[in-house]
Amino acid sequence: MPRFQLIIAAIEFAATLAFAVSGLIEAARRRMDVVGIFAVAFITAFGGGTVRDVLLDRRPFFWVEHPGYVWLVFGLAVVAAPWLHRRRERFTERAMMLPDALGLGLFSVTGVSLASAADMPAVVSVMMGVITGVFGGVMRDVICNEVPYVFHDHRPYALCAFAGAWVYLAMEAVQLPPLLSLAVSVALIAGLRLAAVLTGWTVPRWQRDES
Amino acid sequence: MPRFQLIIAAIEFAATLAFAVSGLIEAARRRMDVVGIFAVAFITAFGGGTVRDVLLDRRPFFWVEHPGYVWLVFGLAVVAAPWLHRRRERFTERAMMLPDALGLGLFSVTGVSLASAADMPAVVSVMMGVITGVFGGVMRDVICNEVPYVFHDHRPYALCAFAGAWVYLAMEAVQLPPLLSLAVSVALIAGLRLAAVLTGWTVPRWQRDES
Amino acid sequence: MPRFQLIIAAIEFAATLAFAVSGLIEAARRRMDVVGIFAVAFITAFGGGTVRDVLLDRRPFFWVEHPGYVWLVFGLAVVAAPWLHRRRERFTERAMMLPDALGLGLFSVTGVSLASAADMPAVVSVMMGVITGVFGGVMRDVICNEVPYVFHDHRPYALCAFAGAWVYLAMEAVQLPPLLSLAVSVALIAGLRLAAVLTGWTVPRWQRDES
């Protein structure tokens, strides 16, 4: 079990990094200055969990309990941003694919389990899970003045979190050990997401788009 | 009184539906996928009340207490969105005019009465009422990457809620029965709004626009 | 000390006015109606403090405790907005430079001291300070459908607040009298900001911009 905790902590670290870097890249594309790059990276990494905690009225926030993560994003914004520019962004995005998928899984499952522990109805818990996983990216896109990708790219992202959140609740309902439920549903979300990206699977478009 | 409760519940249902459909239409215009359509419809329907509850520090949210509404918006996004496309949107918007006006009235008056019950100063209670009525639409427009309509279309919407909220507070101050105050101010807001739409009344423009 | 309180109250008043007017001007540029002008002015003036209070779970908000300020912004939106139009906006912006810089200082230092009193870690307190100072402007720009200026104009604004917030924490740590720490760090932030504007100092751009 300490080993398990270590794995969780490692996934958390890698996922936070992946989310922060996705904010970093987007902010840099928009030619933001160091303040904007830090702010967008921070909001992308912690926005989902913070919105969830405000909705569930939980304190302290993750980043208040672990201020080391704030320093990490500071460091990224000051040190890594110029460095990232010289490398190919596409390369970075590819390298981020796995930690991003794991982060989506981990953050979503954390969200659903916290909401469920706070006695939220099942469908609300699932929404809290999905919000935790995707709202950082939504806020990133709103600040960068774009319609959120996750709402219109027709590639399953929130849907993977949605499916995995229900699986987690089902496993919790039949009283499987929490760690097992966690591991299975995180793996399921990450696996679905990776499969969707690698196979280019998209959700159906509306008829209107055909005309 | 049970009959009155039933009427309130029916207005609430119709108004939530009207707000959700307005989000649905806007998201579909932006060619969002099913995730975006659900998210925008949900935020339009429940965003105003949720922002109010966060500001007043009230829990649980309306949609946490009534998860059936979450399912309703899910259903709309999956089933009704493609169907809406085939019909004329303009027709839908017309059909939504009455429930939307009633919703503006009901949500605003609920907001002002909750804030007033929480001992907010009068002007703050009025603002909470207006926020409850209009902020769902504001968030819908921000996410759809537009300047909020309610801030620049020069057609009275927030102003109707504003006027009705003061009337509600005045009736409360002279200790009229709450249900009467509620009914009168909801009817007033909805009536003002419908009158404004039907007569094409607009608020004055700034001089700058003339030059 | 009563004289000191008076000075604080005067700075607070001038700064709130300056922030509200910056919202007013931006909303008027976007040709918003009276509702939009009020809403954007209000959010610019009180948005930063309100976000901070939601994050710190503090109530009541500043504008709930001092509803006179809500009336002030109402008055500005109705009376001053048309009047401002006839004058040169550039003149107004210049006149606002000093109160805006003082407001940045005062609001940021208030934020950091409140967060520090709530036992937040140092780096989190500093962030709360910066958020209090700049988030009103960020929300103003998001609503006006622009990428927030403070994130990409390469002119130090948040950075001045950031530096001053650390100075405040340092002075608090060596147990200097709170009023002295407050005065020095507000003056420092305002001074840095004015110096930056007057000398045209900008933060370094990324290499990418050179190509």
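The letters A, B and C name the chains in turn, as written, and every chain counts its residues from 1.
Simple rule for what comes next: a contact is a pair of C-beta atoms (placed from the backbone, for glycine too) under 8 Å apart; a residue touches a chain by one contact, two chains touch by 3 or more.
Per UniProt, the chains are A, B, C = Membrane protein.
Worth saying up front: this structure is predicted, and the values here are computed from it rather than measured.
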item: Category of the chain touch graph - line, ring, star, complete, other; value: complete
item: Copy pair chain A, chain B: interface residue numbering same or different (half cut); value: different
item: Centre-of-Cα separation between chain B and chain A, whole angstrom; value: 31
item: For chain A, residues contacting two or more additional chains; value: 54, 57, 142, 145
item: Residues of chain A that touch chain C when the two form their complex; value: 27-28, 30-36, 39-40, 50, 54, 57, 59, 61, 63-64, 67, 70-71, 74, 81-82, 85-86, 142-145
item: In the complex with chain A, residue positions of chain C that touch it; value: 54-55, 57, 120-124, 127, 138, 142, 145-148, 150-154, 157-159, 203, 205-209
